[in-house]
C-alpha cells in the first residue's frame, strides 16, 4: 500500500498547488473572456496575430515558455521591472510567478473553450435584448455571458487542471523553492529524478489526481446546472 | 540574424514533428469524438470516471504521463507487449510512440472542444432528422457532426498545437533518438540543455511556431467556412 | 388505417390524459394555446415517451408502456411539420427537402418533388441556405420536407399559421388532395375553424390536457362545445354532402345534403359524386319569414326554429331544423328576432349566399 | 408622432426599396410571404443597416446613411415582437418580462405588469423556464416582454399568428386600447385582413420588396390592389364612421357613415362619438332588387351598380355606389347576377347582416 | 581497429548536458569511419528508466553515478565495461565580474554576497549538480546559512540562466556550463574534495547486440576524444 502520511513540505506543496491553480484560473478568466470575445465576434486587423499569440504557450515547449517569461517578467525583464516599480508586483521566485506561468500555460485552453461557447450563443437573443434597451455591454453581461457559462466553466476547469499539472514553465521561470514555488507537480518531478523515488512520486500523483478530480466533478455539476437552466441538456 | 539553414538532422526533426502531430491528431479524432459524444449525451454510471481519466494527461506532470506510458505501452508493459504480439504494433522508441504520447497529451483538449460543440447542437434538429427516417447514427453523421464541425476543427487544432509543443511525455516515453523519436520540441529541449544552445533553440522554435501558426490559420479558415455554412457567423 | 392513441403523462403542472383514435383522412386537434396539442403530437412521433400510453397504427403497436415497447421515431415513418420550422441550417433548401428520401425505401419521384416545390412556391429558394429565409418561406420548406419523406402518417402542427391567406388558399387544396388520394392519415393542429372544418374528417377537441370532445368534424364543430365556448365568428355548423352528379340547370355546382336538400356553391372543379364538407357559419345565415324574390342569395331553405339562445353583443343564436335531419345555426341581432317575432316552432326561410359557403 | 421610413437595400436576390410613413396609431405592413415585411421591421429596429436609408421618428433621425448616422438599437427604444418568440432561455418567464424595465428610465408599474400578465393569460407561467412553453405561450410572453419595455414605438411581426381565435379575440381589444390611449405608433405585420382592418389606421402593402399601395386603412384595404389581387374571402371594403351619439330606437349601436347613412352593428361597449373602422367583406353583401320585408338583416342600403367584374368560381364582383360617397363591394354568383338581370347603372338594395360586420 | 562501414548505428543514451561535446566527438568518430552514432539526449533519470523497460540502446552515459548504479543493481549493464568517462568541477557563478576566482572555504561570505537574493542551483534532491552543490556547501559549512535562499532549478542550465538573467546574484553550476556563458563570471571554485566526485560513468548495456558499441566506447576513451571533451571543459577521467 501507498503511504499516505505526508511530510510538512508535501502539505505545503499541496496548499501551494491549490493556491496557484485557483489564482491562475481566476486571474486569467477576465482576460480570457475578453480575448475570446474579440476572437469570436471581433473583426479587426490583428486578429490572426492575436489568435496565434494566444496559442503560443501550447505550441512552444514549456521550457521555452518559461524562458520567455523569465525574459519578460523577470526582475530585469521589461514587464517585470515595470510591474515591480509601479505596483510592487514581483513574480520572480514567488508563488505569484508560479501562478503567472500556470495562467499563461492554461490561457489558450480557456480562451478556446469560452470562444467556442460564445460562438454557439444565438445572436438573435442578443438582438432581442438590444431592442429591449440593453446596451451591448449589458447584453453581454445579461445574455451572452450566462448562455456561455458551460463553456466558461469548461475553460476554467481546463485551466485549473493544466495549472495542477504544469511544471515545465513554472520551474524554469520561478525555480523550485519549497514553500514558495514548489508545487505538487514540481515535487512529483523531483521524485522522478532520483532512483527509488517512484513511490513518492506515485503518492503525490494520487493526491494531485484526487484534487483535480474533485475540482472536475464540481465543475461538471456546475456546468450541468448551467446547461439545464438554459435548456441545453 | 538567425541562421535558417538547417542541418539534415533538423530537417528530419521537422518532418518527424509534422508526421507525429498529424498522426496524433488524426488517430485521436475518432476516439475523441466517441468519448465527447458519450460525455455530452450519455448517461451511464462510469461517466465521472471517464471524464476524470480523459483529463488525466492534463492534470499530471508530463513526465508522469510519460512514465505511465512507458509502463503500459513499453515493450515490457502489458498493453505494449500485447499489441506487439497480436498486431505487431510497437510504440517503444518508435515515432509511433511519439505520436501516441502526443495524442494522449492532446486528448483532453480535443474531447473538451468537441464536447462543448456537441452540447451546443440544437437537439430539436436531431429530433426532426429522426422523424424524417434517419437512425440515430445517421442523425449523428448528417446533423450533429456537421453542426459541431467548428468545435471539431478547434479540437483538432488544439491537439495539433499541443503535439507540436509536447516533449515532456514524449522524451520520457520514447527518448530523443534522432530520426526516430526526436521531434522539434525535443530537439529544442536538447538545445536548451547545453551552453550556447540558445541560438539553435530559437531557430527551431521559430520553425515550430511558423508551422503551428500556419496550421492555426488554416484551421481558422476552415472553421469560419463551416460556421458560415451553419449560420453561426 | 386507424391510429389509436392513449396517453397519460405529466407536463409540468398540467396532466395530459387523452384517448382518441384517428382514421383515414384528416383528424384535427383543436384547442386553446397550452392545451397539450403539441405534446400529443410529440408522443405520437415518438419524441417523448409518456409515463403511460398505448399507440397503434393499423395493426402495429408503436408504443405500449405496459409492455415496455416503444418504436424509435425513425422507424415510425411519420412525417412531422413542427410548430417552428426546424430546418437544417447546414443544408441548402434542396437538401433539406431531399433529406427524408435518403433514409426511406419509398423514394419520391422527380415529378413529385417538382410538383410539391411548385405548389409551395419554393422553387426560387432551392439553392439557398435556410438562414435568411423569411418566416413563411421557412415554414413552407418544412412542409415540403415532411411531405417528401414518404410518410405513413403526417403530423402537422399549425403548418399554415405563418402564411398569408393567398398562399394558404393555394396549399389547402393540395392537402385536401393528399387526404383524398392517398391513404395517409393526417393529424392536424390548427387554430382556424375554417381550415379545420374544410380539411378535417374528424375533430378532437383538447383543453387543459384532456379530450373534451371528439367525433366526425360535422358533429364536433357544430356541437355544443363550440356552440357555447367559441367566440362569435367561430360558431356554425359543418355539413357533410355529396357533389351533385349533374350540374344544375344554370351550371352551378350543387351539394346534395339529402335526397331533396341541395345547397348551391360558388366553386368550380369539384368532382361530381365526391363527398365534401361544408361549413356554414352562423353569421352567414339570414332569416326571412317567407321565401324572398329578387334577391341574390341562391339558397333558401325552409327551416323550423328549434331554440333561441341570447348571446353576447345583443345577438341571438337561432337553432334551426329542416328536412332530412338538416340542422343549421343562425346568428342575428336580438332586434331582428324581435322585429320578426321569432319563437320556437316557427317556420322560417334560411337564406345563405353561395359565395359565403366555407369550402 | 410620425415615423418616416425610406430604405433601399439588397436581400439576396430581392431588392428592398420602400418609402412610407406611419403616423400615430397602428400601421399595418401587409403582403405575401417573402415580401420583405420582416426586413423592413429589422431595419427600423436598427438590427440591420440598409445600404441606403433614412428613418425618422418625430423630429429625431434614427438612420441617415447619407450622413453615416445610425442610432444603436438599444437607444431607439423600440419594442419588437419577433416572428419567433426569442425568449431568453436562462431567465424565467417573469425575468423575461421584466428584462426591458432594467434598462429603461420609464419603469412600468406593478399594476401595469399585473394587467398585461392577466391579459395575456401568462400568470401561471411566471416562474417557469421558457424551454417547455407551448408555441402560443411563448409568443404571448414575447408580446408581454415588448409591451413592458415602455417602448416609444412597437414593431410587431405576426404577433398573434400562433394564437387561437379566442385568445386573439382577447388580445386584440387590448392592442386597440393601446393604440387609442397611448401615442405609441405601432407597426404591425399580419396576414389577417380582419385583424388588420380592425387595428390599422394605415396600411402599407408590400410585395416583392416594394410598396405597392399605402394609405388610410379604409382606402387601401378596399383599393384596387386588394380588389384584384386578393383571394376570394379577402375582398371587401373598409369604411370609416363614427359611433352614433344616441343608440337608435331598439338600443342597437349604429355607425354613422355620413349624415344620413347608418349601419347597425351587433357590438356593445363602443364609445358614442368615437371613430371606428368597419370592414364589409364582399361575400357578406347580398343584393336585392327592392327593399325586402320580413328579413333578419338590419341593414338595407340603396345603392347603384357602378361596375360588374366576373371573377373566379363563377362569381361576380359588383361595385356599388350609394349616398354620401359610400362605396361597397358585393360578391355574388354569376347565376344570381343573371337571374336578377344586374347591369351597370341599376339601382339595388345592399343587404348586410349586423352580425357579419367585422369589428 | 577500423570498424566496417556497413555496421548498424550505435545507439547512445546520454545525459543532455553532454550534447555539445558528444556531438563533436561523434563527428570525429564519423570522420574516422566509425559506425554512425545516434545519441538520445535526455535526463539521466528518463534514460535509465527507459533502459529498464527495454530501450534499444547500446551505451549509456549518465550524468551521475546514482542512475548507473541503479541499472547496475538491476543487472542491465555489463559491469566490466563500466568506465568513469568524464569529470566536472563545481563553481560558484555571479553575474558580476569579481576578478580572479579563488577557492571557496568556510570563511567565504556566501550569505553576504547573496545580499538577500537567491542562490540558484540544481534542485538539491534530484538534480545531480544540486546534490553535489549541497554536499559541498555542507562540507564547507555554509549550507545552513544559505539553505533558505536556495532556488532549485530543473537542471544546471536553468540555474545558470537565472544568474545570467540577474534573477539570482549567485549560482552553483558546472564549470563547463559557466565557461560557455559570457554573461556570467566564475566567482569561486569548490574544492574537489568538498563533494562526491562528479563523474559521468559510461557502460555498454546488457542487451546490446551491437558489436560496434565496444569500438565506440573505446573511441570515447581515446586521446582524440579526450581532447574534444577537454575543449568543452570536461575533465577526462579515463586514461
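Order of writing sets the chain letters: A, B, C, D and E. Residues in each chain are counted from 1.
In the analysis below, a residue touches a chain if its C-beta (ideal position, glycine included) is under 8 Å from a C-beta of that chain, and two chains touch if they have at least 3 such contacts.
Note that the structure is predicted; figures quoted are calculated from it, not measured.
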| note | Under the touch definition above, the chains in contact with both chain C and chain E are B
| field | Contacts common to chain B and chain C (chain labels) | value | none
| query | Counting only C-alpha atoms to place each centre, which chain is farthest from chain B? | reply | D
| message | Centroid from C-alpha atoms only, then distance chain B to chain D, rounded to Å. What do you get? | response | 60
| Rounded Å distance between chain C and chain D, as computed from the means of their C-alpha atoms | 26
| remark: Rounded to the nearest Å, the gap between Cα centres of chain A and chain D is 57
| task | Any chance you could list the residues of chain A touching two or more other chains? | result | 63, 67, 168, 189, 192
| request: For chain E, jot down the residues that touch at least 2 other chains. | output: none
| field | Touching two or more other chains - residue numbers and ranges from chain D | value | 84
| message | Taking the top-of-page definition of touch, could you list the pairs of chains it picks out? | response | A-B, A-D, A-E, B-C, B-E, C-D
| task | Using the touch rule from the top, collect the residues of chain D that touch chain A in their complex. | result | 45-47, 72-74, 76-80, 82, 84, 86, 88-90, 99-100, 102-104, 129-131, 145-146, 149
| task | Write out the stretch or stretches of chain A touching chain B in their complex. | result | 48, 51-52, 55-64, 67, 108-109, 112-113, 115-117, 119-120, 150-151, 154, 157-158, 161-162, 164-168, 185-186, 188-189, 192, 201, 205, 208-209, 212-213, 216-217, 220, 227, 232-233
| message | Can you tell me which positions in chain D touch chain C when the two form their complex? | response | 11-13, 31-34, 37-39, 83-84, 121, 124, 128, 132, 134-137, 140, 157-158, 161-169, 191-193, 229-234, 250-252, 264, 266-268, 282-284, 286-290, 292, 294-298, 312-315, 330-333, 335-340, 351, 353-356
| field | chain A-touching residues of chain E, taken from the complex the two chains share | value | 43, 45, 48, 66-67, 69-70, 118, 120, 123, 125-127, 150-154, 158, 161-162, 165-168
| task | State the interface residues of chain B toward chain E in the complex, per the touch definition above. | result | 63, 66-67, 70-71, 74-77, 92-93, 171-172, 175-182, 186, 189-197
